[in-house]
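Next up: some structures, all given as structure tokens.
One chain, subunit A, appears in both complexes that follow, with subunit B as partner in the first and subunit C in the second.
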Partner chain A sequence: MKPATWQELIWAAVLVGLAAFWPMVTNGYWLGIGVDVMMYTALATSWMLFSGPTHYISLASAAFFGIGGFVVGSGMSDYDASFWSMLALSALIGAALAALIGLATLRLSGVYFVIFTLGLAEMIRNLVSWVQNNFLGSRGLYVLTDFTDTHLYWMLLVTAASVYLLGWIISRSRLGFALRIIGGDETVARHVGINTATTKVILFTTTGFFAAIVGAIIAPRWSYIEPNQVFSPHLSFFVVIMALLGGSGRLWGPVAGVIPFLLIWNWVDSNFPNQSILVLGFAFLIIVYFLPHGVVGRLEQLRARARGRS
Partner chain B sequence: MYRRSLFGLAAVLAVASTSLFAQDMIKIGAIAPKTGPLAGGAVVTQWPNVQLWVEQVNARGGLDVGGEKKMIELIEYDDKTNPGEHIKLAQRLATQDKVDFVVAPYGTGFNIATAPIYGKFGYPMIAVSAITDKMEELTTRYPNLFFTLGTTTAFVDGVKEILIEQREAGTIGNEIAMVNVADAFGIELSVRARELFGEAGFDIVYDKSYPLGTPDLSPVMKGAKDSGAKAFVAWSYPPDSFGLAEQAIIENLDVNVYYSAVATSFPAFKGAYGNKINNVLGAGGTDVENPAIAKYRDAHMEITGKEADYWASANTYASLQILEQAIVGAATLDRDVVTQYIKDNSFDTVMGELSFENNFSNKFWSVGQWQDGVFRGVKGSNVDGAVPVRVKEGWSE
Partner chain C sequence: MLDILVSGLLLSGTYALVAMGLNLQYGVARIMNLANGEVLVLGALAAFWLYTTAQISPILTVILVIPVAFIGNWLIYRFLLTPLVRRSKTQGALEVDSILATFGMSFIFIGIMVSIEGGFFFYKYLSEPIQILGSTTSLNRLVAFLIAVLIAVGLYIWLHYSRPGVAVRALSVSTEASGLVGINVPRVSALAFALGGTITAVGGALISTFITLDASIGVVFTLKALIIVIMGGVGEIRGAIVAAIILGLVETGVATLIDPGLTLAAAYFIFVMILLFRPQGLFGRRAV
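Here is the complex of A and B:
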């Protein structure tokens, strides 16, 4: 991953500014797609903060997303807490949990880490259900608010923009430099005196923090929280697929993956409602064949070619 | 280029199909799981009834809307048991497909999640597979949402009544073994049951939960057996209702009352265990002797090739009959008028005469029992045809 430039930041600011007007120009279905785009942009970008430079593929997004949804659901249903206090609490719990998990597992590498994170969402779902069943007790986790998609869209936009800004700052800092060296060769990084464990834990914590916030913001949209659904492993896979489709070379890569992915997915979903998974599989084959380095990789390749010609 | 021409073809087809028939068609949208955790229930209870209703209405020449016969065009989507996906598809139905009416979703959470969207566009939602104790708050908030299958409390009450009767008859004592699936509805029911059973003087001597999707339920059943209670109650879901019955058969659980909640009423339950599950109690029930129900079950079998379940199938079909009669009665496709018509009138359905008070239809079965191959209603609210409860006698064929 390359360090981000001022130019990129300005472009990002312009795009965020434009994106804020989306609810003014559309409604209903396309606003709903906008909410999905923002949700996955925030998730995939925060995933990229950690996994992009370190090459640790994390399938834990659903675990933190689920924590966010569950904390809001439980807090608002069982304790009449306000949405905002639960949003803050879920971010803290998400970050604390990620730090804890990071400390315990970031010594694992390669496929072991992937498998562990995959199991994590399932483990936390069971843990949360057990706690709810034995200690909280519940008459259903209802999240009834007056938020519309417009509100949620803006909240997610702010979250996504914050993730990007944080990523931009990190990528230009000593921490970002350290991460890039770890991604290049972890042994070398350790030998030049980088505290690799701390560096990785910090980044993994931000991932957990933001994924929990996104889960908390989505909870009012779902209205009724079932652990079974907020911890769905699908989400983790979607995040990884979108981030990789975008390309892991740049901080803005995920955005370039999220938008085409969701458009294709929705097109498939509405035209082949009963075969969507199958058609999606074919779409992936085509993507892998034509875009092996993601959308970003292809764009940069085209740009290099254009430069070579001139 | 190839892709673009494909898009073009699809667009032409779409335009042709809508413009040709738009005049005499009425568009009905339906979203429910065909894949994912809830699909097992939806393909038994929800989808076949949608199919049955649409085919029957179209075979009659369509719906009579103010003197004009309109055929039903069904637009159906699979929500993959994913709330995010469902919400997006609901927005699609309302703003892209611009359907005239919708079939309410399958599952409590999905009905509540889509109520604001459908409410904004004035769609009446006659929910069936949605059971909650928050009915009043929800219908105040979403005046377009109607409930027809009862409350959490009603379901627990049905079981409580049976337990009290059996205690008076001396077949069980005060001890109850109770288990529940640690997921939304299972937790909700067990919490209510602890309160209501406690008030009735019962002692829950064995009280355990197990996670959703547990493959091995034998420790749960062994624990229930060791407790020595003569009554076993499980607030369970489709996969585990089956798993528990299997373990009860293996352990030869010695009880006089055996109840498991969701999916006990599925024909597949009998299909799996035959007569071993004779006298097992479960959520739901129906009155197969009722001529309207019998006729409905025959049609269900004939058109969908599947046996209707012995619970919410009939209610689901009845909800579609209500929608049909409201559209015909209001003689318009104006959704506000149709919604008001649903609130003000009563409807002649397979479940008998149904009407709504504060958006709630108080006529439903809560407990049924497998009696010689048929799952008959034994407890319910304002329903006729309940048969006496029998005592469970062993698990042999």
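Here is the complex of A and C:
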């Protein structure tokens, strides 16, 4: 990843400003798509902040996302807490859990990390269901708020913009420089005195923090929360596909993956619901075999070639 | 207590077999195969489908599965994974690519399986109760265990006393050095990958006789096999067996004493302990 420029930040600000008007011009179906786009943009961008430079594939998004939704649901229906306090709490829990997982797995080779995150959402779902069945009684939780899709859209837009801003700041900081060296060669990074484990844990913690926030914000959309639903492992796969489809070279890469993938996915899901999992599989294969650097990488390659010719 | 011991041990037989399969794929061919569990479920689906439609005994299916799974896995390695092996400059890059590619394959397998059988693979075979050491279990568990042990012993002997077996073990120690002493690395890797996949599919056919599976359960088995491989030490057959016994016992213990829904959490607990205290595995050598 190259350090982000002021020019990029200005462009991003303009786009965020324009995106804020989306609920004014649409509603219903397209607003729903807008909420999805913002949700996955926030998730995929924060995923990319960690996985882009380190090349560690995190499949933990669903776990943090689920924790966000579950904390909001549990707090609001069991303890009458306010949405905002639960939002803050879920972010803290997500970050703390990510830090613990990072400390346990990120000191070792990347494979352990992938394996660990692979079943994490499922494991937490089992634990939560068990605790609920044996100690809390009720299985579902109600999240009743006055928020409409428009409010959720704006909240997610702010989250996505914050992730972007954080990524922009990191990429210009010492931390971002350290990450670029780790991404280039981890052994070199260790020899020039970078604490690679700490750097990775910090980045992974931000991923957990933001995924939990997104999960908490989405909770009111469902109004009824059940562990099976918020801890659905598919979310993690979606985030990985979208982020990689966009490409890891640029901060805005994931957005370029989120929008086309969501549009294709919605089309497939409504026309061929039984084949949707096959599409997920082929999407992974296409990325690995034909778009190893994502859409953004391919575009930059084409641009470089065009420039070379002229 | 004895019940836990008996059923835990019987369960660990098939676990050990499946973990050996993954060990061959990861330890020798250096492919982190996340579609491993789906290959297992494919084996289970074959057993279920042949038994319910044609009354073919799952034991016979095990034999039928062997050539099909071997050729299938060999083709996957040859045409889908070899380009990745050639492309990658480092082991890390290969790991990322193979994880994503096999992940994609796992979804394609699930999609295919769902279109064949969307529900549970439920059938009854040899489900009569039997007594072992005073504890009651079912015959199919014992049969599956014995077949798993038979295959595992055969594999162990093959790896230790045959020429191709030695080549496979050499590859697990060092890919580069094996090439230098005249081992055809791409060929032996493909052999190990295909063999690993075959063993996994066989394990799946065996497991299906006593556990009811469905098309989307594969990932749980992938995870368990990975935990066993890591616990035993990558490339260590004996370690995998000991680790499989530990996992089988702990899972059965947690399921009977606390709650069946917590078996995955128990597996995770073991995993975390291993990562924290013995990341090279119980029998593994510390990397230099």
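Convention: the second predicted complex is superposed on the first by the 281 of 310 C-alpha atoms of A that agree within 3 Å, B and C clash if a C-alpha of one lies under 4 Å from a C-alpha of the other, contacts with A are read in each partner's own complex, and residues count from 1 in each chain.
Simple rule for what comes next: contacts are C-beta pairs under 8 Å (C-beta built on N, C-alpha and C of every residue); 3 or more make two chains touch, one makes a residue touch a chain.
In this text the structure is predicted, and so the values were computed from the model without any measurement.
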item: Touching partner for A:Y224 - first (subunit B), second (subunit C), both, neither; value: first
item: Which superposed partner A:G281 touches (first subunit B, second subunit C, both, neither); value: second
item: Contacts of A:G119 with subunit B and subunit C, given as first, second, both or neither; value: second
item: First, second, both or neither for A:W11, with subunit B first and subunit C second; value: neither
item: Partner chain in contact with A:W84 - subunit B first, subunit C second, else both or neither; value: neither
item: Partner chain in contact with A:Y289 - subunit B first, subunit C second, else both or neither; value: second
item: Touched partner set for A:S129, first subunit B, second subunit C, both or neither; value: both
item: Common interface positions of subunit A, toward subunit B and toward subunit C; value: 126, 129-130, 133-134, 274, 277
item: Touching residues (chain side subunit C, partner subunit A) in the complex; value: 32, 34, 80, 83-84, 92-93, 95-97, 99-101, 103-112, 114-115, 219-220, 222-223, 226-227, 230, 259, 261-262, 264-265, 268, 271-272, 275-276, 279
item: Sites on subunit A touched by subunit B in the complex; value: 27-29, 31-33, 36, 39, 126, 129-130, 132-134, 137-142, 144, 148, 218, 221-229, 232, 234, 266, 269-271, 273-274, 276-277
item: Touch list for subunit A against partner subunit C, complex; value: 55, 57, 104-105, 108, 110-112, 114-116, 118-120, 122-123, 126-127, 129-130, 133-134, 233, 237, 240, 244, 274-275, 277-278, 280-285, 287-289, 292
item: Subunit A-facing residues of subunit B, complex; value: 10, 34-35, 37, 76-78, 80-85, 87-89, 91-92, 94-96, 108-109, 112-113, 115-116, 132-134, 137-138, 141, 152, 180, 182-185, 187-188, 190-192, 209, 211-212
